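In the two complexes that follow, chain A is the common piece, with chain B as its partner first and chain C second.
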Partner chain A sequence: MTDDSTSRRLTSARFSVSKGLVTMAVSTVVLVILGFAIAPSSVSQGAVLGMLPFASVLAIVGLGQMLVVQQGGIDLSVPGAVSLAVVLSTHIPNQNDAMLVPAILAVYAWAIGAGVLNGFMVGRLGLNPIIATLGTNALLFGAVLGISGGIPRTTTRLLSSIAGGRTMGIPNALLIALVVLLLVTILVKRTVAGRRFEAVGASPAAARATGLRYRTHRGAAYVWAQLLFATAGIMLAGITNQPTAFQGNTYLLTSVAVVVLGGTSLLGGRGYPVATVVAALFLSQLDQFVLALGVPFAVRTLVQAAALAIGVAIYTVDWAALRRRLVARSDAATATP
Partner chain B sequence: MIRRRITTAIAVAGVSALALVGCSSGDGGGGEGGGGGDGGSVEGAPAWCGPEEAVVGLLDGFGGNSWRLVTTAAGQDEVEKCPSVVEYLYADGQGDTQKAISDIQGMVASGADAIVVFPDAGEAMLPALRSAYEAGVVTVPYRVDPGGEAGVDYDVWVGADFVADGVAWGEWIQENFPDGAKILFLSGPAGNSQGLDEREGFESVLTDPKYEFIGEQPYEVTNWDPALTQQVLTAAIAKYDQIDVIVSDFGPSLVGALPEFEKSGRSIPALATSDGNVLACFWQEKSPDNPDFKLTTVATGNDNVRLAVQHAVARATGGEIPEDTLFEAPQFEDSVDGDPSEVQCRDDLPGDIYLSAEMDADEQAALLE
Partner chain C sequence: MNIQAAEAPATVATLVMSGISKSFGGVAALTDVSLEVRPGEVHALLGENGAGKSTLMNVATGTIRPDAGSMVFRGEPIDGIDPRDATRLGIAFVHQHPAVLPDMTVYENLLVALPPAVFAEAPSREEFARSLLARVNLRAHLSDRVETLSVAQKHLLEIAKAIAVKPALLVLDEPTAPLGEDAVRMLFRLVREFVAGGTSVVYITHRLAEVRELADRVTVLRDGRLRATAVVDEISDRELLALIVGRQLDSTFPPKHDGPDEAPNFIIEGLTGPGFKDVSLTARRGEIIGIAGVVGNGQSDLLRALAGLSHFEGSVSINGTQVTSKRLLGEAAYLPADRLSEGLMMRLTVRENAAISALERFRTGRLLNRKRELGMVGDTLGSLSVKAASLDAPVSSLSGGNQQKVMVGRALLSEPELVLADEPTQGVDVGARAEIYQILREVSASGIPVIVASSDAKELEGLCDTVIVMSRGHVVDVLRGDDLTEERMIHAAVSSTTSTVGVEDITDADVDERTAVRRAKIRRFVQGDYAPAVLLVAVMVLLGAFIFAQNDRYLGAFNISAMLLLVSALGFIAMGQTIALLTGGIDLSVGPLVGFLVVIGSFFILNESSTASILLGFAAMLGTSIVVGLVNGTLIRYVKFTAIAATLTVYIALQGMSFILRPTAGGYINADISRAITTKIGPIPVAFIVLVLVVVALEYALRRTPWGWRLRAAGSDEESARRVGVEINRTVVLAYVATSVLTFFGAIMLMTQIGVGDPAQGVAYTLSSITAVVLGGTSLLGGRGTFVGTLFGAMLLVQVLNATVFLRLDQMWQYILQGILILAAAILYAVARSKRRRRAARKV
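The block that comes next holds the complex of A and B.
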């Protein structure tokens, strides 16, 4: 199975940048057109401007997850990390703007701590990332409850005007997400360290043979991821004025979903930051679209699940091999009755 | 090796479970609190406080938000009014049904005479409640309906009258929108009985077809999550050019979402909901620029627990059992006629306190520190 997908990845490597991006871009455009046709309110200015901040948060969480996934790992501490960032950035200031900067520093300090812990467990000790990061998630939720007692606080005005505000009509959250996207893309695609990082993800064995510090790169991915989760959490605290202490819970599945929809293989390899961000936009707009259709809540959930399943199937099922196998089987059936 | 360890673990678990069961049935007889007394004989104490000594436990299914914190403190405050209660126990289920059930068993085992339970998990809690009741402990679930029957599965269920909340909102809408209105109703998770009861309440008042209910029926699902509320409301604002009234059973969760109206260049509409300091302060800040933003609230019901405690303590100590078994949240604020109260904002205190609660605002603020 591994061989299969590796060979597939290699054969399509030159084109797969476009595959994830094209699929997501086309899907998003189709969704917008569908919106104009059957649910016009989903593409109205107000709805789009309301959707974009949440899409931006999801995009940043997704970028963090992507960095880990492209190292063949997965970070399931997303809910704890985002919730903790939300709680720290609302509890420490307690509606006092002057305390916002120390709060944000604390958020990043925790993020680095959690990232180093994950990185050490997975990169150095070689623990299974699912188990290790789930453990960290529990630890982070312990911190969430310890700090907040589960009690939410109202966001400071400064934070809500930064994260929830607009500059020249564009939501600030979107601008932040674009800056983060630019940073991640440049760092991964245009710097030596970034190229090494990606090489390690594509083939740890080969990277090791060439003398790259593959364990450090694998471990470091978890630190970068936590930093991005923290950024997303701070933004989320600003966007929802009265966040709960468990605001990160919805990002567990969706963070992995946007990475997979963006075309990054769960087995590791190249990451596709732009496609990941477009996938975040797609999923958020899909939410908005289904909401605008006014279908019952149950159908809303089903549509999201179906979109995810179809998206994942597009990339993970090897359609060419499946066709070949079906053809071979029917040949075999005729040969030996 | 591993197998042996597992076997040992199972054996230990089994023995401790047996021990727990043993304790609970053993203690049961002692817990029989004889509710027949016409008590109130303790001097200086309320009538519901009888002379017999009792250990009273309060069990929360999920203690992790400020509303619960204030509610728990209110429960304790009420217990302390009765000197016959010699010991007060508290357990938090932390949103975990398993833990909530074992909390009940543990409290029965440790000799509680009466327990007051917030059965968040609904009917899933019924067997545990029944076993406590059968063990002779006075069992009073409150607020969330656990199903079952009073006198069979537990002593009495002290619910909140959400239909009455709905009726109060309906009457307010009728009064302020005599020519009809388009009404958007937001509630919690799909199928929650609180939302359905409230809906029944205001529908019973707003029978005229000039009152139109828009959005998903019977209510827009928000899971009481502020982020989801914001998304749902954004979609609704885009979809409906006219929203006259928003009805919501969790007012404070709307504070993040309501500015969406302003961002779309519309006035925040009238709001019929439950109270919260953050919401009141939000109204004071926004109402000058939003001419349509009228606000009415019912008390958010922190004091529901007080009535439940009275029932439990009365039965366990032989006091006078209160007549009411349903907590009817009083109306609290009305920005239009100031009856029963103007909108009350304490901007010097945290947003997460409830000025409608009997407990003093500063005391609540101290709890949150």
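The block that comes next holds the complex of A and C.
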């Protein structure tokens, strides 16, 4: 194509910044500034280095959840999937570094199995994603207990040094999360399948009318999600020295929370990977901040709930329409006796 | 023009509308229209698509508020009425799209939509309902689910609802469109009966034959203006036609095809599919094919089939090659009429929309080449002179004309073999129209066959080289050359007397009834709400028998009462969850709520507490649950959160509050109270008996009271429910309050079981309550379900968990059995439902 741009030629910006990303980035910066001002221990080097690996795990789980949510679904099998990955990558090697690779292969094999099961039930059979993934979650926990008997094992040294270690002062987990983010972004934005995937999420009806295989794309989201959950589980096994069999439980609600905070609608539509990762960072730092203030654990939860409520309200409430309606209502009230 | 001066009416007119004007976003839909409907007359409203007929009647029924003009109903001014007022005054409107609730039965649809007074005069409500169905000749059983009715039957049901209220004014909006011949005759008979009884009927139609047969007077609208009102017997068809057609056209058309007569490059032979029958046409290179007809007569169905979106029989060949449906799906570019929901992905950008069908062309290696994509998309959209802020602008921000051009751009970029445009200029401004015509002409000239369906006959006259006119799925005329005029098209469309394709099932049902009454009864049960409950009982008995064979202590009094106590806690919570799911929502917060309520109780209901304190404790628990329900409902209905987002927020908040009140477990629950709550009669806990009674009461309320009908109506189809007069917001908010209050009862049971205020308890009830409800067959889509099923679901769930103990299975099996149970139930119910839906779809 030649570069004969005329005056009315339409252009495209290289990068675009979503509302969710701006909201989350600003919130995170405010949180850090607040940290310096009133809770310095929340931004100490130790606190930040301790927080980042867990934020990275949450970010990866969140990215998986985002892929499902952008297809109008939800994946409740997060706890089972993460826990199973944790258990497989600690139990199979049993502290033998040589067994780590087979263990990781096993993790991904299970992930693909669970993802295909979810994808088939939701995409092909048209099951409600809540039920389908709830059932899969129970089966995954069955596998967790079958493999581990509920007894934790210590992580291999190799995995612990990879996932828990640092490169040039930066936690490896964060680097892995960034690589995953890059991969997800490229796959969704720069490949044919990814672009179609995004279109199906944005409007299944329109995607169908243009001849796209919308069911397949819907189902595929669950496979990708499981692969990401598995990755997060392996990292979690490395970061935590002796992970329990139920390590994934805390990630169910938080994964949905970071997706929602990142601006992806629970009704489906476009997904915002970068904003989701920043939201994971925000939520983790929020925890640190509240912790540093010395208030009880419970308050952290309340703050999370408030953050979620405000986040959802920012994106879902049509503020302009609300104002119009309020004005119209007061007009109507004066017009009709 | 022969506008008749309205003679002075002998009695007070039923409806007088004078000087009505209405515009939508600057476009005038009605301009200074006046209409008078006399008592006991059938007044036909005639005009082309978009002439303003339905809009005028929506004004009369209060659905649309006019910008100017006044209305008088039986001598009373009725300006500023709403639909509810209209119904009260005796104005009934049978819409083109029936407001029926698919998940409810025929009988329940009547009960929820009609005022109770209507039923009062008949000996019993069912008898009245049956006589109503008989009057409209609807051969459906009262307990048939409306989802299983055909489109025609749904229309008859809608008509039945309208006549039941004995309206003073009955508005019928193209009522015969989906009906077969018998039903049309029945409808005409009904209309005559009504008119004889003094009712006035406004009859909106496109068909002259129906006007002649039925109407006393006729009013013709064109472009939102009154053309004439006349007595039917005093006006000829020719005169009527002249009043309908002759719209001023403001856009220009490119010259028509004028090339050598080549061999046809596009041939359709004997094409039959859903909504159209035996369509044949041919076109040569460079010719644009038009499909004319009144909206909804198979034009869109034909285009969809040609786009590969639905199956067809017959042959389609392009440039001498036979093409299959599958090939068409990939190679035909389809521009749907409904740009908003089907045409474009409104949330995506201009670039993404334009590029979606041509992504393979932008690829280098595995990845898309951004430069190439921008280049090609920019060039194409530039050549179509699309006006947008940038390629990154959301496509929803564009004007209608530019959106249409983006769709055309998408089609061009995909290098299609066939272009199918449905209403390509609807909502498009004049300038862009001419450009779109020009583009379609160019595409056609390049050798790609172009088919345009349009309800605007003038447009087809100007644009096309050959036009087929469709009526009720059949081709009623093929026009070329000099015959290709607006008049010929409208004449063919409005004077056709063919009956609709494929709605002959009304006679089928007749045969069905006689031959297989018993089969129908079984079918109704299997399709009904209670089949899952029976299935669950069977599974429970089998499982129980199996475990009993292994271990005879299983049916011992101790185990029975232990199980039933567990069922009582889960049961109450699951009842609440059932209500939330019936509205089409979900309540994730029940788990933390039950835990939080126990924590609250643990401050008041202690061993050393006074009676007052204990009562206060229960009151506090109940009050809290009501507040939580209100918060959930308000967030969902008024702040417009999704049910998941709203209840998830409340979930997290409640958990936080539990931990604030009791950072660690503490506060031992009063032992006497616990003992009282867990009192047993034999091995059966009283609490379980209470649960059963509550289930029975709720089940009765769900089936037999307005509360239950409204609840299910709101969950089944919000829009239809609103139209039949259900207050959605109030219904749903109250439903969430009910969910929380039932959770409160669950909390009382849980309190006695854990005996202490523990902030970590209860959370698991969210998922187990959903599991129990799903096992019981309640649909997560809303509108259908049973409390009885949920009770059995809760019992089975508890039984399975208990079984693992008796069968000496470890914890792993608890999870696996639960997983298998829920997936098996979900798949079974989903498959059964999709089968049923397919059967209903075939009827259409």
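Brief remarks on what is shown
As a convention for this text, the second predicted complex is superposed on the first by the 319 of 337 C-alpha atoms of A that agree within 3 Å, B and C clash if a C-alpha of one lies under 4 Å from a C-alpha of the other, contacts with A are read in each partner's own complex, and residues count from 1 in each chain.
In this section, a residue touches a chain if its C-beta (ideal position, glycine included) is under 8 Å from a C-beta of that chain, and two chains touch if they have at least 3 such contacts.
Everything numeric here is computed off the predicted structure, so don't read it as measured data.
With both structures placed on the common chain, the touch criterion links A:296 to chain B and to chain C. By the document's definition of touching, neither partner reaches A:161: not chain B, not chain C. In the superposed pair of complexes, A:185 makes contact with neither chain B nor chain C.
In the superposed model, A:41 makes contact with chain B only, not with chain C. Contacts of A:142 after superposition on the shared chain: chain C is touched, whereas chain B is not. Contact with both chain B and chain C is seen for A:150 once the two complexes are overlaid on the shared chain. Of the two partner chains, chain C is the only one touched by A:260; chain B is not. Of the two partners chain B and chain C, it is C that touches the larger number of chain A residues. Contacts of A:216 after superposition on the shared chain: neither chain B nor chain C is touched. The contact surfaces that chain B and chain C form on chain A in the two complexes overlap at residues 145, 149-150, 296-298. For chain A in complex with chain B, the residues that touch the partner chain are 41-42, 44-47, 49-51, 54, 94-95, 145, 149-154, 164, 166, 236, 239-245, 247, 250, 287-288, 291-292, 294, 296-298.
Of all residues in chain A, those touching chain C in their complex are 1-2, 5-6, 8-13, 16, 74, 76, 121, 125-128, 130-132, 134-146, 149-150, 186, 190-192, 195-196, 198-199, 202-203, 205-212, 253, 256-257, 260, 266-267, 269-270, 296-302, 304-306, 308-309, 312-313, 316-318, 336.
Contacts from chain B toward chain A in the complex involve residues 63-66, 69, 190, 215-216, 221, 225-227, 230-232, 234-235, 237-239, 252-253, 255-256, 259-260, 263-264, 278, 350-352, 368.
Residue ranges of chain C in contact with chain A, taken from their complex: 80, 307-309, 329-330, 332, 334, 336, 341-348, 350-352, 355-357, 359-360, 363, 366-368, 370-372, 374-376, 378-379, 381-382, 385-388, 390-392, 410, 586, 635, 639-642, 644-646, 648-653, 655-660, 663, 759, 767, 770-771, 774, 780-781, 810-816, 818-820, 822-823, 826-827, 830-831, 834.
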